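Please read the structure below before turning to the comments.
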Amino acid sequence: MLIVLKPGVTQDEIDHIVEKIKSLKLNPHVSTGVQRTIITVIGDEDIIREQPLEALAGVESVKSILRPFKLVSKETHPDRTVIKVGDVEIGGPRVVVMAGPCAVEGEAAVVEHARMIKKAGAKMFRAGAFKPRTSPYSFQGYGREGVMFMVAARQETGLPFVTEVMDPRDVEFLAEHADMMQIGTRNMQNYNLLKEVGRMRTPVLLKRGMNATINEFLMSAEYILAQGNRNVILCPRGIRTFEDITRNTLDAGAVPVVKELSHLPVICDPSHAMGIRDYVIPAGLAYIAAGADGLIVEAHPNPEDATSDGQQTVNYEQLTDLIARVNKVAKAIGRDCY
Amino acid sequence: MLIVLKPGVTQDEIDHIVEKIKSLKLNPHVSTGVQRTIITVIGDEDIIREQPLEALAGVESVKSILRPFKLVSKETHPDRTVIKVGDVEIGGPRVVVMAGPCAVEGEAAVVEHARMIKKAGAKMFRAGAFKPRTSPYSFQGYGREGVMFMVAARQETGLPFVTEVMDPRDVEFLAEHADMMQIGTRNMQNYNLLKEVGRMRTPVLLKRGMNATINEFLMSAEYILAQGNRNVILCPRGIRTFEDITRNTLDAGAVPVVKELSHLPVICDPSHAMGIRDYVIPAGLAYIAAGADGLIVEAHPNPEDATSDGQQTVNYEQLTDLIARVNKVAKAIGRDCY
Amino acid sequence: MLIVLKPGVTQDEIDHIVEKIKSLKLNPHVSTGVQRTIITVIGDEDIIREQPLEALAGVESVKSILRPFKLVSKETHPDRTVIKVGDVEIGGPRVVVMAGPCAVEGEAAVVEHARMIKKAGAKMFRAGAFKPRTSPYSFQGYGREGVMFMVAARQETGLPFVTEVMDPRDVEFLAEHADMMQIGTRNMQNYNLLKEVGRMRTPVLLKRGMNATINEFLMSAEYILAQGNRNVILCPRGIRTFEDITRNTLDAGAVPVVKELSHLPVICDPSHAMGIRDYVIPAGLAYIAAGADGLIVEAHPNPEDATSDGQQTVNYEQLTDLIARVNKVAKAIGRDCY
Amino acid sequence: MLIVLKPGVTQDEIDHIVEKIKSLKLNPHVSTGVQRTIITVIGDEDIIREQPLEALAGVESVKSILRPFKLVSKETHPDRTVIKVGDVEIGGPRVVVMAGPCAVEGEAAVVEHARMIKKAGAKMFRAGAFKPRTSPYSFQGYGREGVMFMVAARQETGLPFVTEVMDPRDVEFLAEHADMMQIGTRNMQNYNLLKEVGRMRTPVLLKRGMNATINEFLMSAEYILAQGNRNVILCPRGIRTFEDITRNTLDAGAVPVVKELSHLPVICDPSHAMGIRDYVIPAGLAYIAAGADGLIVEAHPNPEDATSDGQQTVNYEQLTDLIARVNKVAKAIGRDCY
């Protein structure tokens, strides 16, 4: 921790700050320069992070030295984590594609969709039963019933599935029935939900908040690991910026950063990142080239009839094409594929 | 709704789109220009908003004409809403200041803090019992016990209080004991929580998500009103931008926009908007000058000992000064004050 | 300067870094903690700022302690600067309003507009002769001829005027004829233009780049002062964010920050900050309440006939009303007005 | 053009708007719905774009239908443009890597650097002679002398070079000596500079402004083409967002959008996009996978001794590795390479 003092700081103020730090059993080192006095504190930054040092008279700013996360950090866990979902290994040498419609559309449709995406070459199925809709007047999803449709589809196709959880009261149910639970972008900092999924052992796909910094994204993963669930997969899905042609801004640049800072696997969502169907393939390839362990993609046999997100949903042919191209790029960068 | 077609759209594609719109019992009007063909659909935009028209072949883009919110809109409710919390009227001619520490720090402290902020001239007390902390290793708050400390403080001082709710399972408890429930910035799109507070009648202070557009902010309010709770107060509290000196970027410009679009009262939070104590007063005055109905401010008798957010917390003298200046600016723009 | 080393840094790497710093005649101090080693360098940060220390093996990150600007800083110039333009003092106790159309519209119109804004109570006239238009097909302005129209209007009304300079080749001409030269938001980091106006003594109104941090904004002012021209006025004018209802996002929060860091006067532009006429007055009042020394406003007797920016241009009645309200708020916060 | 009218618009206001549009020789079509009246105008949108329709009484908002650019658009020029610089074809089937140090560091160094990057497999050399530095106290570059060093290096190595132009007064000189002129991110909307390079025929590498929307980026290219210079290469180089670990945010998602909207070639800059050397390779591969026609990379034999930008500069081994990997990914997506 580095504490920069104000230009006119008094000796009394310095003494008070030094005393405060010593009272926390930490060891401050004061350096006085021509323009500024600074205090360096080496030691357990967690203790001092909680203190409102910026509120002390004479302090101009406080700068952290260490990153605030531990369990998700490669510093404490240098080997890459591989998470097994059914037969699928996520974070290993092979790149994985998960696909499916935005929302569950009835039992028969779900089974048909799962078959379609399996035939196209995807290894996991995705669909939403609980839907976070911007409007209260939009269809809010089939709920628990919809989850059971996916259970049926899994029985038919053998594909494990991932589906979103929005409410702490649904976590137990989903942890029991789903192969992987998704925390959506709007709930990335819903800490009570994070804690609840942290108490389970079912893998969690944690989507990046659309305005979350990488540090915050990893701190949300830390919440889950801190509760005991180490099966967390990080999911960049675009961020919000000033650009207005695409729905979000592709955050392919976050992939190498997250992979350097953390040992957790990274699966990316090019559908939400772009929001426009024709851009899903190049966006997906960019994520893979940047080092992602796989993709999660919205796909529907007939996007114009999809219950939601049709404009960013690829059809069967596009999904097949996407997977073929992902595999080629994966090989080009020394990865393998299913 | 305006549907812009692609340059090379075929007649078959146009016919298919027109048919699709007619099947929704809406009336499309096709205009063909030199460079583009467009289809205008006048009528109930809600019906068509749910359709993935952008997924139809030949469609370049779809532009909404109407704003998606209803109950929060001034179009359906032209009079300004005034919400009564205890004796305090929010949204009326008088500007209101609410204040208190970031977090509850024990029963005796809460009572002392409430007395202090009352003496300084604030009309409502605020403190957090459930704390959304970025780190799982930070203190997570006193929980329900902390709420009862505030009940005790209310008994002592007569000041109504507002406190944050983070979990749908706590809503009933808080609706019963608190005078106003706060939805925090990270939960602005936690729709299950919004629905739960919507089922109560206790007033709700809805903080703007740090990356939420004004449209999304109002749609989250719409969620609460749609469930029956009309006592919603909108709370701008700064947004996240590229600027890095302040914690957030003051969104004073959102105040006149929100007040033109909606009839709901607006209380602003200059403490989080700036994140630095010395800027809280000018930021608060800017919000008031822009038309806010009041402020919610973090205040503590001794900010350097505050459990959290000390760097943005004003002390007793600053709070007294802030309230005096808020009252002067309020009068200058034709408002009144308590 | 604080240099944070990587977890596995070797002694050789540390020695190399220390040597490098000593070769710059600076004094490094190495502190070794449990998790990290850091090197503190106290002294002239300018010397070290130029060095690519982050490129040295073993370095994780480099953190500055001092702000990079000098001449604009209150640390080197504690008294507030007051700049005189004609009879008008900018940055003194009195708040100033400048107004006029976006663009010059012919000689007779300019004279009429100047009379109108004088009658409404504005103290300086503004209009654009050189116009930075997003489209090459839009009218690019009257150029030098348009400047002479404003000279004529000044002769008629006595009002000093400010107008934009876009090209280094026009600086001498403008420095001679205009009372104040404006550097537009798109040219805030056009360093050759900054240097050129820095060689003059005519006051410069420096608009904040729409994506510039406050540090960068002040560094651009530093460019002008470094050339010898100390008559710089800082002009916040809204920044670009994700919000899409308003043209820009009001940056009233930048006002107290800039006024704490710098001694230069601050004149704000609520017209561009909002981009919608009906929000100009509340935005202007917010800037003033936040501490601005004045406003620059787009005004036109008949905005629907304005050559450009009509949608954000106030009319005569609104300008008169704005000035009356600005004066009231100015008095409420202890300022005076013309 | 679509004009949405306010809820309470009067017949007089509608008549006035209709008349205004007719006076522009355009044909308005009024549609009256339950909640809103709208006016559609089909025809030459350029005429109406210049009119401040939002300033007319009764108008709520105006929505464009057409994109504002013409010469850069694929609609008016469906074939992809290929630009020849020396023997190098940019925008053809083969992917191109350009490389070199941030800044020119003396004649001998430039020649050495050009040899190094040629040996590593790059096809064009880059270096800055005119340097846009944030601080006026930083080294501002060798200027015209530095350009001549690059001319010498070209003579030695045969590699064409690109270098930045910052001042309209240097355009002629650079157009004569350089193989390609770069417009930097801070000058993307320096319209006088754009016009000046537009009058030449030397190819122009136009960097995206760090906060420019894709529309604005293409409009800046339009400025150059409108003057007659059709040899424009678009250069995404990262944008500014809230993320603070990397210097900028990789804008790989802009590549497919720009390639769909425009026929111009796209060369991307992963060095500035990330700002950290270790991320340059994955970022470069992401750009290529997204469809870029090549990369421009900062490379130096010894980044820690580079005059500037050392922290984001790759060394010789990294550059060689980058080019090998770029070629593999290029082939994987069906492109070729030099």
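Each chain gets a letter, A, B, C and D, in the order it is written, and its residues are counted from 1.
Going forward, a residue touches a chain if its C-beta (ideal position, glycine included) is under 8 Å from a C-beta of that chain, and two chains touch if they have at least 3 such contacts.
Predicted model, so just to flag it, every value in this text is computed and none were measured.
In summary, the chains found to touch both chain A and chain B are C, D. Chain C and chain D touch with mostly matching residues; of the residue numbers seen at this interface, over half occur in both copies.
Chain centres here are Cα means. That of chain B falls 38 Å from that of chain D. Separation between the centroids of chain C and chain D, computed from CA atoms only, is 26 Å. Note on chain placement: the centre of chain A and the centre of chain D lie 31 Å apart, centres being C-alpha means. Touching of two or more other chains is recorded for residues 211, 240-242, 244 of chain D.
Residues 2, 4, 7, 29, 31-36, 38, 40, 42-45, 63, 65-66, 75, 211, 240-242, 244 of chain A are the ones that touch chain C when the two sit in their complex. By the touch criterion stated above, chain B contacts chain C in their complex at residues 211, 213-215, 238-239, 241-246, 249-257, 260, 273-274, 278-279, 282-283, 285-291, 325, 328-329, 331-333. Considering their complex, residues 20, 46, 49-57, 68, 132-140, 166-169, 186-187, 189-192, 195, 209-211, 216, 219, 222-223, 226-227, 240, 276-277, 303-306, 308-311, 313 of chain C touch chain D.
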